[in-house]
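Below you will find the structure I want to go over with you.
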Amino acid sequence: MTDDADLRVAVLGVGMMGAYHAATVTSRVKGARVTVVNDFVATTADRVAARTPGARVVPDPFEAIRADDVDAVIIASPGKVHHEQVLACLDRQIPVLCEKPLTTQATTSYEVVQAEAEVGRSLVQVGFMRRFDPEYVQLRALIASGDLGNPLLMHCIHRNPTVPAHFDSQMMIEDSVVHEVDAIRFLLGEEVAAVTVIKPTATALAPEGFHDPMLVVLETVSGRVVTDEIFVRTGVGYEVRTEVVGENGSATIGLDQSVLTKTVGGRWGGRITAKFLERFDTAYHVELQRWVDAARAGTIDGPGAWDGYAASAVCAAGVRAVESGRREPVQLEPRPAGVPTPALGVSSP
Amino acid sequence: MTDDADLRVAVLGVGMMGAYHAATVTSRVKGARVTVVNDFVATTADRVAARTPGARVVPDPFEAIRADDVDAVIIASPGKVHHEQVLACLDRQIPVLCEKPLTTQATTSYEVVQAEAEVGRSLVQVGFMRRFDPEYVQLRALIASGDLGNPLLMHCIHRNPTVPAHFDSQMMIEDSVVHEVDAIRFLLGEEVAAVTVIKPTATALAPEGFHDPMLVVLETVSGRVVTDEIFVRTGVGYEVRTEVVGENGSATIGLDQSVLTKTVGGRWGGRITAKFLERFDTAYHVELQRWVDAARAGTIDGPGAWDGYAASAVCAAGVRAVESGRREPVQLEPRPAGVPTPALGVSSP
Amino acid sequence: MTDDADLRVAVLGVGMMGAYHAATVTSRVKGARVTVVNDFVATTADRVAARTPGARVVPDPFEAIRADDVDAVIIASPGKVHHEQVLACLDRQIPVLCEKPLTTQATTSYEVVQAEAEVGRSLVQVGFMRRFDPEYVQLRALIASGDLGNPLLMHCIHRNPTVPAHFDSQMMIEDSVVHEVDAIRFLLGEEVAAVTVIKPTATALAPEGFHDPMLVVLETVSGRVVTDEIFVRTGVGYEVRTEVVGENGSATIGLDQSVLTKTVGGRWGGRITAKFLERFDTAYHVELQRWVDAARAGTIDGPGAWDGYAASAVCAAGVRAVESGRREPVQLEPRPAGVPTPALGVSSP
Amino acid sequence: MTDDADLRVAVLGVGMMGAYHAATVTSRVKGARVTVVNDFVATTADRVAARTPGARVVPDPFEAIRADDVDAVIIASPGKVHHEQVLACLDRQIPVLCEKPLTTQATTSYEVVQAEAEVGRSLVQVGFMRRFDPEYVQLRALIASGDLGNPLLMHCIHRNPTVPAHFDSQMMIEDSVVHEVDAIRFLLGEEVAAVTVIKPTATALAPEGFHDPMLVVLETVSGRVVTDEIFVRTGVGYEVRTEVVGENGSATIGLDQSVLTKTVGGRWGGRITAKFLERFDTAYHVELQRWVDAARAGTIDGPGAWDGYAASAVCAAGVRAVESGRREPVQLEPRPAGVPTPALGVSSP
C-alpha cells in the first residue's frame, strides 16, 4: 500500500462483533476501509457486505487472508478457528486484530507467540479493548504516577444482565473473567500466578447445576491479590467496576453515573448501561483507529500475542479451579526473546 | 428548678410539629419532660397528653405559660397566635422555643425583639432547625475556615413532593423560603437587602392562578446573590439543597444520597427522603437537646428573636415582590443595644 | 466530488480551535482531509500546514474559499471576519462549519439567514458542539420522552478556572453564556424572550470594575425560566452543569465524576476536567464526523444559521442587560420561509 | 427502681470507649445516669468521675456490679476481664451492655450463653453498634423486603487510617473483622460456616512480618459468600463499606459522601470520616438509648449473648485461618432452648 491509500481490511466472522467492527471501520475509522467480508454463514456475509460499500464476500477465510486487496485482517470468527486464521495472517506477515480469545488453548496460543517471534515483528493484536477505555487509561496512569503507592489489592465486579441459557462456568471464565485477567496485567504490570474459584449459592435464574455468581480470587507473581465477582444473570445491567487499593490510597472506575434524575415516587439515580457495546463503544472505536494507524505502518498498537497467551493460561487455570475447588497455579512457558515484559504500572515491592 | 431536676416544658399547639416535639422531649431529650399540653382543639390535646406520661392538658395557653409546673415553653401553635404567646413567656421571663414564624408580621416580630431587649436576657429561640443539621454546620464551618474564599453566590433548591391545595405563593414564601432566608443569614453572616421573585410557567399540578414553582433572587447587604428555587408540588420527594460558591471553591450540601441500589430494569440510585421530619430529624433532636440544656440555665442556644424578626422582614419583602414583579428592598429597624450582629461566616469584602 | 472521494476542507483561522479542528479532521474524521490552511498570521498557517499532510497554505481567505481543491470550509477565524467569510461560502454554495459566533452582530447574522434562504439549501452550520455531547443528547431525549413532564426551570453553571485579563462582561456573555443560550434552545425547543443580568460582589481575582461572577436569568417565549451562573475566574476547573426541572422530575448533567479516589489525608473525590477541549472532545469529534458526512451530501447536520442568529440576538440583549440592570426583551426578525422552527423537546403548555 | 426513676448505671472501664459511653449517658441519653465509675487505673476513674455529675468511683469492679445504686452495667474494660464481669452481672440478674468481644474465647462466651439461659431472661447485650446505624438498618430492611431477591454475595471493606504498632493479624480479626461478622449475621440472618484468609503483599507501613491488608472470605451455612478486605494502615480515613448482591439487585452502604466541594487545583470530593466514633456516633447514641429503655424494663434490646458467642467462634476460626492458610470451618455449640435463632433477613434458598 502507498502512504496515501486506505488500509484494506478483511473481516473474518461478521456476527455481532464482526459486523460492529466492519461498520465502525466503514463509518468512523480514518485511513481504512473494509474490502473483504467472510463468514461461515453465507447469508450473514452477504447481509454485512451489502451494507459495507466497497466490500465483497470471500467465502473461504484463508482465501480472504491471502487476497490481493487485503492489507490487514480483523478476526471475529468463533474462537475455535482463531488458531489457524491467525497463523495464516502471520504466514503472510500482515497485521491482525484478533478478538479474544487468541486461541482456545494455552498451548495453541503459545504456538502463535512462537510463530510471531519467528517472524520477528509484532503483527498480532488481541482485542482487549478495555486498554483503550478512558477510565482504564486514567487508572493505569494514576497507578503509574505512584500517587496510590504500591497497589496491593484489586476488587473487580463483572455483571451482565442476562446471557444465553448455555452460558456455563467455563464460558464465564473464558468470555468474561478473561477481560479482568487482562485488566489486572495491564494495571498491575505483572503476571497472574494462581487462581481460586469460590462458588456461592447460585441465583435461582441459573439453570440447575450452574455456578452463577462465582467469586474468583487471583494472585499475582509478586503477591498482590484480586477479587473478581462474576455474575452474569443479574437482570440489572452491564456493570464493570474496578477498585485498586494501594498503600497510599484507592481508586475506583466504572461507577457509570452520568445523567442524574429525580423521579416521581421519590427516587434519585440514573440508568445503568445496558450493553457492553454501549459501555465500551469509545474503547472499541479508539482501539480500531489506533490499530489501523499502526497497521498502515506494518505493526500493531495494543496488547499482543503474549498478552493473549497469558490470558489463555490464566483462564485455563481458572477453569481447572472451578472443578477442583482448589487454588490452581498458573504456569507460563518462557517468553521468547524480543517479547516485551508487561509494562509495569508501578515499581513492585 | 434545682440543678438536678428536669426542665418542665409546656407544649402549646400539638398538631404534627408540637406532637413531634412532645414525643421527642419525652423519649429522647435528656433533662426535660413535658408537664403541660395545650391545643385549641381539645381532643388533639387529650390524645397527645394520653401518650405523654406525666403531662396534663391545660386548655388555656396563657394559663399553661403561667403554670407552676412549667419552666419553659415550646410554641407550635398557629403562627397568628405566636405574638401574644411569646410575649406572655417574656412576661414570665421563661425560655421559649417558638416554631417559625416568630410572628406573622415584621412589626409584631420587632415588638418581640424590643420586649426581649427590655428583659435584658436572651429567652426567645426561633425554630430554624437547619442550624443544627450536621451538613449546614459543616458548611458554615467550611465557609468560616476561609477555604472557599469569600462566598459570592448561593444556589438553593427547596422542593416538596406535595402540599395542601390552598398552599399559595405567600405560604411558599413564609413557610418554605423562610428557611432559606435564615440559612443565608446563618451561612453568610449578614442581612438580606432585597428580594426579587420570578414566576415561571406553573406546573399543571398547581391550582389555576397559583405560581409554583417560583424563582426567588435574594441580595445581601454586601452584594452577594442567592438564587432559591421553590417548588412545592413536584411529586418527587423532599429536596433541600444548597451550593455556596466562593472565590476559591464551592460546596454543596443536601445531596441526600446514602444507600445506593442497582435494580432490575437497569437503574442505579436510591430513595429521596420523603418528608421533612425524616430529613431533619437529627436537626430537630439536637435543637431540642441544646435548647433544653440552655433553658435549664435560663437562656437559649440558637437563633434568637432578632433572627426571627429579620426573617419576617425578608419574607414580607418577598411577598411584596411576588405581587409587584419588581426587586423589593428589605428595611430593618435598628438593632437594640445588646442584640448581637449576625456571626460572620467569613470576613466580607 | 465523487462518492468515493474525501471531502476536501479549507480551515480558515488555525489558532487553538482551528488547529484542533485541522488535526481532528486529519487523524480521526472519516471521509475528509484538510487541503487548505489559512490564517492572518503567516507563521501560524505555516506551522499548522506543516503538520497537516496534504495541506497547503492559502494566505487569502476568500481565495481559499474559492479554491478548486476545496469542497467545504471550517471557519475558526476571529468573529469579526465571520460575516464576509460565511457569505463567500454561501456565494459558492458549499457547506461551512462556522465556530460561534455566527457573526458579531444580530443584524449581520440575520443577513446570513436571509442569504442562505435565498440559496434555498442548508449550508451554514454553527459550532455549538454541546448538541453532540452524549449527556446533552441524553438529556434532550429524556425531556422529549415526556418522563420529566413539562420542563419549567433550568439551572446552568458555567465556570472557567481562568481567562485572559481582558475577558470582560461582554465576552462572558458572547463567548460563554452563548453556549447556554443554544443549550436552552436545544433542550427546550423554543426561543428566549428576555434576559436579566444580576451582578453580585465580584471575585477579588477579577480586575477592578469587572463583573465576575454574574447571574443571568433567561425567560423563554412560553414562560420557562433559566438561571445561569457565569463565573470565569474560579481557579478550580472547567465546570459546565445543567439541571432541568420538570413537572414530574428533574435531571442533571455535567456532574463530571468518573474516577473516584480516596487519598492520604482523608479525601474522597476526583479530578475536575481542566479544559473545555478535554470536556467536550467527544462532542467536537462527533460534530466534525457528522458535519463531514452531511457535507459530502451537500448539506449540514447540526445547528444552522437561524440558531446562530437567535443566539446572537439573545447575547445582544444580554449585553444590554449587563449595562441597564434591567430585564431586556429579545426581538427576533421573522423566520424566512423554509427555515425550520426549533425542534420542540416536549409539547409546551 | 420505680417507673419514674432514672436507670442507675455503672461503667466498668472508662478508657476511650467507656468514657465516651459515660459522657453519652450523662448528656444525651434519656432515663439513665451514671452513678458508678470503675477502672483498673485509679487516675482514669477519678478523671472521668470528675466530669460525670452524680458519679462516684468504685475501685473494685465486682463491688461496682453489686452496688445498691446500680441497676445496670456497661462493660468497656479490657476483653480479658469481660468473662467474669458479665457472669457477675448475670449472677445479680441485672442488664449489661458489654463491648465486644463478649469474652476472648469462644468457650467462655458459650459459658455466658449457658449462664444466661439458666437465668431464663435476656440480660446480656453485646456492643455491636452497627445494628443501630441508620444505613445498616435500611440495608437490612431492604434485604428483608425481598426487593434484592435472595442475597448471594456480600463485599465488605474495613479500612482504618492507622493503628498502634502492635496491632497484628489476630487483632485485625478480633477487633475489626468481628464487626463484619456480626453485620453478616445481622444482614443475612444466618450463621457463618467457614473462614478463609488470604494474605496479599503487605503495605510497607506495616511492621516486618505483619499481614496488612488481608482478604477474609466467609461462607454462610446456606452457602452465601462474603469478601472482607481488612486494611488498617491506609493513612486515608475510616472507611466501612458494604455491598450486598442479590438475585434481583444490589445495594451499597458506607459511601460516606455528604458535603461535596470543588476546590482550587481542580478537585471535586469531600472529607472521609476520620474516626470510628465520628462515623458511628449516631449508632452508639441510639444503641445506648434503646438499651436504657429496655434495661428499665429489665431486659435488653439488641444483639445478645448468642450473637457475642457466634462472633467469637467465627473470629477463632479466622485466627486459625490466618495461620493455616486454609479454609477453616466454624463449629457452633448447640443453641440452648429459648435462645432465638438469628432473625432471617429474607427467606433463604
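We call the chains A, B, C and D, going by the order they appear; numbering starts again at 1 in every chain.
Throughout what follows, a contact is a pair of C-beta atoms (placed from the backbone, for glycine too) under 8 Å apart; a residue touches a chain by one contact, two chains touch by 3 or more.
Just so you know, these numbers come straight off a predicted model, no measurement behind them.
Compared on C-beta pairs in contact, B-C and B-D come out with B-C as the pair having more. When each chain is reduced to the average of its Cα atoms, C sits farthest from chain D.
Mean C-alpha position of chain A lies 57 Å from that of chain B.
Note on chain placement: the centre of chain B and the centre of chain C lie 44 Å apart, centres being C-alpha means.
For the pair chain B and chain D, the distance between C-alpha centroids works out to 37 Å. Touching two or more other chains at once are residues 234-236, 248-250, 257, 261-264 of chain C. For chain D in complex with chain A, the touching residues are 149-150, 152-153, 155, 198, 200-205, 213, 215, 217, 219, 222-225, 227, 229, 231, 234-236, 245, 247-250, 349.
Against chain B, the residues of chain D that register as touching in their complex are 4, 27-30, 54, 134-135, 138-139, 142, 147-148, 248-253, 255, 257-264, 282, 289, 293. By the touch rule above, chain C contacts chain D in their complex via residues 161, 234-237, 239, 256-257, 261-272, 274.
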